[in-house]
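Here you go, one structure.
By letter and in written order, the chains are A, B, C and D; residue numbering begins at 1 in each of them.
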Amino acid sequence: MFTATQRFRVEWAHCDPAGIIFNPNYYIWMDSGTHALLQAAGFDLIGNTHSDPLFRGCPLVASNMAFKKPLYFGDVTLLTSRVEKFGKTSFVVTHEFSKGEDPQPVATGSEVRVWGYSDPEQPEKLVARLLPEEVKLMLSVDKTVDVTV
Amino acid sequence: MFTATQRFRVEWAHCDPAGIIFNPNYYIWMDSGTHALLQAAGFDLIGNTHSDPLFRGCPLVASNMAFKKPLYFGDVTLLTSRVEKFGKTSFVVTHEFSKGEDPQPVATGSEVRVWGYSDPEQPEKLVARLLPEEVKLMLSVDKTVDVTV
Amino acid sequence: MFTATQRFRVEWAHCDPAGIIFNPNYYIWMDSGTHALLQAAGFDLIGNTHSDPLFRGCPLVASNMAFKKPLYFGDVTLLTSRVEKFGKTSFVVTHEFSKGEDPQPVATGSEVRVWGYSDPEQPEKLVARLLPEEVKLMLSVDKTVDVTV
Amino acid sequence: MFTATQRFRVEWAHCDPAGIIFNPNYYIWMDSGTHALLQAAGFDLIGNTHSDPLFRGCPLVASNMAFKKPLYFGDVTLLTSRVEKFGKTSFVVTHEFSKGEDPQPVATGSEVRVWGYSDPEQPEKLVARLLPEEVKLMLSVDKTVDVTV
């Protein structure tokens, strides 16, 4: 599957009074991982968000994570993101956070997302559309791209 | 079980370019829900964090959520938090977000947490200790408290 | 001037490894304060954001804060927000954060905001429009409303 | 003066319902800029935070920003940070955010910070100590380092 990697530095801002990363930051980074995955695979998510007023990105339906080891201020973590499964209107992205040479991830998670549009009749209403075949193909290419800014 | 409820207003800050709540905010609110649950049940989590340099709060081991309906800028959501299960050194907290009179939650989630301390020999190292019986008792009382600020 | 107050509880999520509030949270709360101020004064900011696709809220032009005393996990702070000055297309909102009975604020700040719309010809472009007289009047009424959720 | 630069990508997570960056993110990035500046200049801020339980980093006393042009989802911004002025126990850091080849910054800001320690007698109390001469020297070296992760 198409795979996107990116590095994040754990900042002072990401840490809590226990001196370790505040875990919701991982969910924010998974969101970044999925957006970068689509963009790098060739689907212009950013352009579509700007040009198509009905396109709502890929709203989350569910997410989860397991936290194995803490990260500390100054650590650099590598996020590896790829699609695990395609549904009709949805897809599952898995995310793994690792640190240095340690083969054990510090945290792993997954997201279920839908291909989201505003209902043209009621723009506030979100509807899931069929996941385009071309998007599935792009995300299925066996290639790894680093998307660190 | 002891139950804590609290209201949150969905702010401009919580919403994304799709005009709906950015989902990681729910994880931040679940964190608040668990802390408030312990505090309201009678365990002085805040005081212990200040007074006991080894106490690390209740670090997350795993978390998950399902998002049923979006929330919009200006919505008020009610979070209901309670313990679902006690382990030896861990416990599971379930969280439900609802809106207005709608009996269907807009989002539901759970957290697995441990009773965390710094290892006295290596303060950076986190160790899980036995969940105190008195804490289990406090969290098992059949009572609901609103902890909205 | 019309004044909005609201309480915030300093959560674990708001604190950094020094055990005190991470200051950018104050800027997020000032943003909430200004939105709530307009809403409570009678301008339906939330409704307009939903109903008028060109209305962009009140984008920030500048902001600043002075931090006098730290806040700690579990503290409750009261934010007091009111307009200090009206310009043609802009206005200045002052914000004061206090704690308990202490007459000395823990932090004070201000924001310069404009009355923002999308340019109908280039929706991505932001333009400042004349601040409506009725909005000035609403914000000038001598009244204090608590907008805590 | 010693200068640190770093790139940030504007993520979906950083944008608000107006489709532009939510400004408090700039304050979070300035915080990162100052920490990275000290670290890159040769003062091991991260190590000291871990090894010296009394060291509290460099708490903010005041901050401000002016926002000239919005940033959009997918934009990459370059932050340039350097000390502008040294006080006895404090220092002022200026930060400039730019985009692409545009010589006009999109946003500029500054922070006043102190050299912060916990009072050994009352660990909760924050005291400002004399800014070490060696730190001033490190931050005065005429050199630019990119600290992008």
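By definition in this document, a contact is a pair of C-beta atoms (placed from the backbone, for glycine too) under 8 Å apart; a residue touches a chain by one contact, two chains touch by 3 or more.
Worth saying up front: this structure is predicted, and the values here are computed from it rather than measured.
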_subunit D and subunit A - chains in contact with each_ = B, C
*Pick out whichever of the two, B-C or C-D, is joined by more C-beta pairs in contact.*
C-D
*In whole angstrom, what separates the CA-based centres of subunit C and subunit D?*
24
_From the mean C-alpha coordinate of subunit B to that of subunit D, what's the distance rounded to whole Å?_
31
*So, what's the distance in Å between the C-alpha centres of subunit C and subunit B?*
27
*Set of subunit B residues in contact with two or more other chains*: 12-13, 16-17, 19, 22, 24, 28, 31, 49-50, 57, 72-73, 124
*In the complex, go through subunit D and note every residue touching subunit C.*
16-20, 22-24, 27-28, 31, 49, 56-57, 59-67, 70, 72, 116, 124, 126
*So in the complex, which bits of subunit D are touching subunit A?*
7-9, 11-13, 19, 28, 31-32, 35, 39, 46, 49-50, 57, 72-74, 76, 148-149
_Using the touch definition from the top, list the residues of subunit D that touch subunit B in their complex._
12-13, 15-17, 19, 22, 24, 50, 73, 124
